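Following are the structures in question.
You will see chain A twice below: alongside chain B first, and alongside chain C after that.
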Partner chain A sequence: MTDATDTRPVPALTRFGRWLADNPMVPLIVFLFLLIAALEVMRPGIVMPVRTGRDGFISTFWVSNLVKFAIPLAMLAACQVLTMLTAGIDLSVGIVATVAAFVCATMTSTIGPVPACLVAISCGLVVGIVNGLGVAFARVHPLIMTLGTGLIATGCLQVYQRLVISVGVEIPAFLEWLGIGQTWGMPNALFVFVPFAAFILWLMRFTGFGRILFALGSNENAAKLSGVRSWQVFLALYALSGVIAALTGLLYLGMIRQPSLSLANPLLLPSVAAAVIGGTSIFGGRGSFAGAIVGALILRVLNTMLTLLQMPEGARIVLFGLIILAVTALYVRITGSR
Partner chain B sequence: MTTTPLLDATGVAKSFGAVRALTDARLTVGSGEIVALMGANGAGKSTFVKILTGALKPDAGRVLIRGQDVRVGSPAEARRSGLVPVYQEPSLIPDLDVADNLRLGDTPVGPFREWVAALGIDDLRLDRMIADLPLATLRILDLARALAQKPDVLLLDEMTAALPTNLVDKVLHVVREQAGAGMGVIYVSHRFTEISHLCNRATVLRDGRTVGDLDIEPGVEERAVELMLGAKIDLGRRDTSAAAAARSGTPRLGVKGLAAAPKLADVSFDLHAGEVLGIVALEGQGQDELFDVLAGFDRPSAGTISVDGTPVSFGHPADAIAAGLTFVPGNRAEALLSERSVRENIALPFSARVANWGPIRRKHEADRVGYAIEKLQIDTRAQGEVQRLSGGNQQKVTIGRWLATGVQTLLLFDPTRGIDVRTKRQIYPLVRELAENGAAVLFYTSELEEVALACDRALVLFNGRIVDVIDAADADEPTLMRAVHGLTSAEGAA
Partner chain C sequence: MSAWVRKNAWVLGLLVILVLLMGLTKAIQPSFGAGGIESLARAALPFAFATAGMAIVIIVGGIDLSVASMMAVCAVTAAVLMERMGGVPALLIALGVGIAMGAINGALIVLTRVPDIVVTLAMLFVWEGTALLILETPGGATADWLREGIRGFAFGLPKAFLVTVVLIALVWLPIRRSKLGLSIYATGSDELAAFRSGVATGRTRILAYALCGLFCAMGGLSLAALTGIGEPVPGPYLLASVAAAVLGGVVLGGGKGGLLGPIVAVFILRIIRTILTLMAVDPNVTTIVEGTIMVGVVIFGALVTTRGRRTA
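Moving on to the complex of A and B:
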């Protein structure tokens, strides 16, 4: 039996680790700024043009570019954070975003922009519901379930492309405005992202649904004992994840303006990485969306650094993978979390 | 007895951290002897068995087999030295077939088949997967495997627990025959009837030491019960004169003919508002199944449950909660979110229903959680994660969860297991107070003295049936101890 308080002296490193575990954002933000500093050293003036005699203390161009491309990553990372809270994962988000973007771009010319967007979002909802049903009732592991629906969606997209091969591509004007427009030097995508982030943070901290996500991931039996019917939660959770992924696809379409059959697919693994770097445990019960946002920023800065190194694409990807592994391992080692 | 005993264990001691599980355990088994090893819950039986079989190393003491200090270091060594155990849980690998399992333990197949036949199973195929065989068969296979290794000493742990009567007879017959041929047998059991039929002696453990060595003769049960009880820590007294509260009208919870495989056979009782109904039983008499069914985790195989006279059927704990039946399980780890705060743990049921998935009503929550914390005097100095609380405080959190939602019918499964005396003393009055305020409480306890302290009457569960009902006023420990061992004395029955 353990006593009420452990009075043994704790080694300094362990204490520091505990403090970090209680304040997981601190090391993340420190690491982000270290990376930015390193970037500035590698290419003087890229972040602070004033140092090379140009205008502006901080380059708004660089910052807005960083923010702009971190947004879709952070939104997909929200899907991972939410599902990981219940010890799940959603590997269909990349393809769902792609499908939403492609459907929207090909339908706008025939049915108009708003209906096209609604159809695109319903696609995400359908995939999400299928994921939820599989996880809740068939008890398929989320990893397998979402991988499977992702593959099915990929196939469906190819069939759909054959059908609409003669239809022209048109991107709704408001998506372009959101995707490439700027207000006071900052990307308009923030008009979507700021309310979105506020909603997710609120959902996780201040709603019963958020509570239950944490509870299911910490101890499913305890949740059941308290009267939680897990199928309801899984269904709602994966449906929500699908809708978020579809929204991300629409926003990304406005940024890239070139729908393809693999538009948002490369964002999938970075979205998982952003969640994990941000302190979300893949074993459930522990996670933070704020951390995932910083994680997404860290990944974008890393990407810029590796581009600057002018390495061949293959080497760059290898290095990217290694850095993600190292950061995650280090973070886990220090905080003692998983 | 014989000159050199087959097995001679003396002065065996073992501690786990600060807990002294064994202080001075002794056991001798002579050639041809069948010795019962007895003791109440927590007396140290299982630790002693593990040391004898080499699964644990003792801190002190020695175990001699045939006069040789074998310094048993692993189960395999103990086996080679001649002591072979058959545990309560079958030790066969479920995903392999019978033949592969035999190969793993180097068991000779020929003798094994003969023993299986002798033990009453004629149609065993060696290519059957273990997972497909019923529990009773597995126990027989385990025993046959042990016998095929020609042990000097055979250790049987609750051997007859999951067996139907015809197999029990066969097993007892074979064991007796082998003892007649010179084998020594250690028979770990709660069942007096079997012990008095089968054994020559009984060794009784209490609080980690051997307190007696009894020859089996008429009337030995009384002596064994006395030895198992000993002197206990006084947990306080309660005036039980007012215990016979009004038990009339429609019961809050009515249970009729309830059965659940494999262990709950047929249980009926009424639990009224304002009453604390105790349940006492040895381990594995069906109490786990009873609580799982009442809490909505399992469906019964027969029988009915009614709440306030209305029949109910639970497919999920949420249904039970909706009917007012709230469950505090025996294992705190099952009930707590160890990495979340006290507040979140207590407030969890508030958010369970879809209708409550929206914004948390923080004021309401703070009020209710504050009420529960105050009522239970939960020590929240170690704020933050529940896993940083002591065992007693963790247990209070699991009870507090239902105090915060409002208690109608509380199912407490051994709520004081492994917690300190001070917390125990806080829990009994709390249970009484809940009942006085109109709650109905079903209280399973593995510590018999708690019946007199917290309950109005107690049901005695044995082999999945209720064998006795004892009023709190009569519920002294010897009476209960006899009753849980299936020794229903005429004067004890209500």
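Moving on to the complex of A and C:
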């Protein structure tokens, strides 16, 4: 009996690439802890206030702050992970979150908190459905489509703002409780985020919908020939993305407590970056939400570092752009796929 | 003659639409005349340059999402330099910066083999940050002659219109006739076939992106000339330029179209805005209408492309 399998040695870099593709979480978590260690070196006592003796071995204040601001980022990154699985992207999430927050804050005083939240979420649903229609039926590239709907939504928000200029702003109490409240030293937003993350992970791994997303992203033609009705999937996918973005907007409103016309817009690029850093391929077919969560934490730590270095706003934007480019280029180089 | 008409049917149709829309404007506002056309041409100036750049990269088979950011970088560079030195060197430096940024975009796409759309998305933020690093808040100054150069009339036509047409023709026509022009169209229609026929596709793409950068620099300079200062925040030129290029007959995916159609399309989109303003529509509603028209145009273009692919 001769061994029929190919026993040629695989180049080390390719092998490493395959291992990374199989276990994307390992290097990510290592990187996160390296960053935290670097932060501790830069500013002793910020992570481990042992000498100053503020609270415990690891500062719960610092950890809860880190987690709190990583949550909206990770939720928006979920939109990017899900759409990127089908080789798409959703660039309207920032403005959708802003619209949801603004609508909720201005409507609470007139129609009550729960209806206001429902109206806000349906705004996200509408934008998501429009995105889905454009992507599913007209086959517009998702990037162009979501950019366009984002522009239209911005215009609508401006018109709406002039209509409600006299209405006072009121933030529902439960959103404020979620946003700034703490339980056992951890932010209350986790009460929303943990079930949400479990749902997304379950959706991606154990449902037919999740498998179809991976299939469409890996090979759209093969998926279609296997009987996937891609238009239904795209429609559902972008609608879901819009709803998630609106939910994020509501949560973020509770944290910031000051609705504005560009509340969540600065989160858009970091959400793409978090998904890409977390090992989601922008070309479809590969991605994990767990990675995106770690990616969001990494970005938050990085942000703290850049703030400590007193880097100007411009340099921070440049760095984010370069990180996305470098990670994507590295992925293409290591795995040799596009 | 009839063959020429058939070949340019799309552009001729656009010209007819433009004339009709101008007639409509005249009907709404009888005082609309030379002055109105002059301000229209001036407002269209940055859009026209952004569209010209975008059209070239779409023809070569790519897309450049960073046009608005590159325009912002060139505008602030020119505004900062013109405060400190003569207008002409500052102008040349801004143009050089534009070409360099475009070439960097193209080189990154060719070298990293990452798709155009991802690279230019990342570079959008890099250039946006660069603009903020050069100038934190709107400021700087613009040379007087630059501001006067696009105001008023010359040879009976608005100067801004002449500047648009002459500059774009001066850059594009020689290239269109040369080997590079042929390579750009060949690379856009079928990169593999072009490569196997001996076209240096990588170099062609880098040069096409550099050309786009050059037009963005012109767009940024015209922005600085229009406002008199440098504004580090990118304007709404990305979607507008894609929509105008698609409306002008450039096919997303590459290889088809010219620059005349997109330029006419820019004027059509601008005059629609003028009409909405004259009809006393709320400017914010105008944004919605414009966005809807642009998305509609892109959807229409995509539908035409898929239909064409199916029958072909």
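The working rule: the second predicted complex is superposed on the first by the 303 of 338 C-alpha atoms of A that agree within 3 Å, B and C clash if a C-alpha of one lies under 4 Å from a C-alpha of the other, contacts with A are read in each partner's own complex, and residues count from 1 in each chain.
Basically, a residue touches a chain if its C-beta (ideal position, glycine included) is under 8 Å from a C-beta of that chain, and two chains touch if they have at least 3 such contacts.
Keep in mind it's a predicted model, so treat the numbers as computed, not measured.
Undergrad: In the overlaid three-chain picture, which partner chain does A:Ala138 touch, first (chain B) or second (chain C), both, or neither?
TA: The second partner, chain C, only.
Undergrad: Mind working out whether A:Phe206 is in touch with chain B, chain C, both or neither, as first, second, both or neither?
TA: Only chain B; A:Phe206 stays clear of chain C.
Undergrad: Identify which of chain B and chain C touches the larger number of residues of chain A.
TA: It is C that touches the greater number of chain A residues.
Undergrad: Now for A:Leu325: first (chain B), second (chain C), both, or neither, which partner does it touch?
TA: It touches chain C, and chain B stays clear.
Undergrad: According to the stated criteria, A:Asn221 is in contact with first (chain B), second (chain C), both, or neither; which is it?
TA: After superposition on chain A, A:Asn221 lies in contact with chain B alone.
Undergrad: Touching A:Gly314, do we find chain B (first), chain C (second), both, or neither?
TA: second
Undergrad: On the A-aligned overlay, A:Leu163 touches which partner chain: chain B = first, chain C = second, or both, or neither?
TA: The answer is neither, since A:Leu163 touches no partner chain.
Undergrad: How about chain A: which of its residues touch chain B in the complex?
TA: Touching chain B: residues 1-6, 22, 206-209, 211-212, 214-215, 218-219, 221-229, 232, 236, 285-286 of chain A.
Undergrad: Can you check the complex and tell me which residues of chain C touch chain A?
TA: 65, 108, 112-115, 117-119, 121-126, 128-134, 136, 232, 236, 238-239, 242, 252, 282, 284-285, 287-288, 290-292, 294-295, 298-300, 302-303, 305-306
Undergrad: Applying the document's contact rule, which stretches of chain A touch chain C when the two form their complex?
TA: Going by the criterion above, the answer is residues 134, 138-141, 143-145, 147-149, 151-152, 154-156, 158-159, 162, 269, 272, 282-283, 312-322, 324-325, 328-329, 332-333, 338.
Undergrad: Using the touch rule from the top, collect the residues of chain B that touch chain A in their complex.
TA: 18-19, 295, 297, 316-318, 321-322, 327, 329, 333-340, 344, 347-354, 356-360, 362, 379, 381-382, 384, 388-391, 393, 401, 418-420
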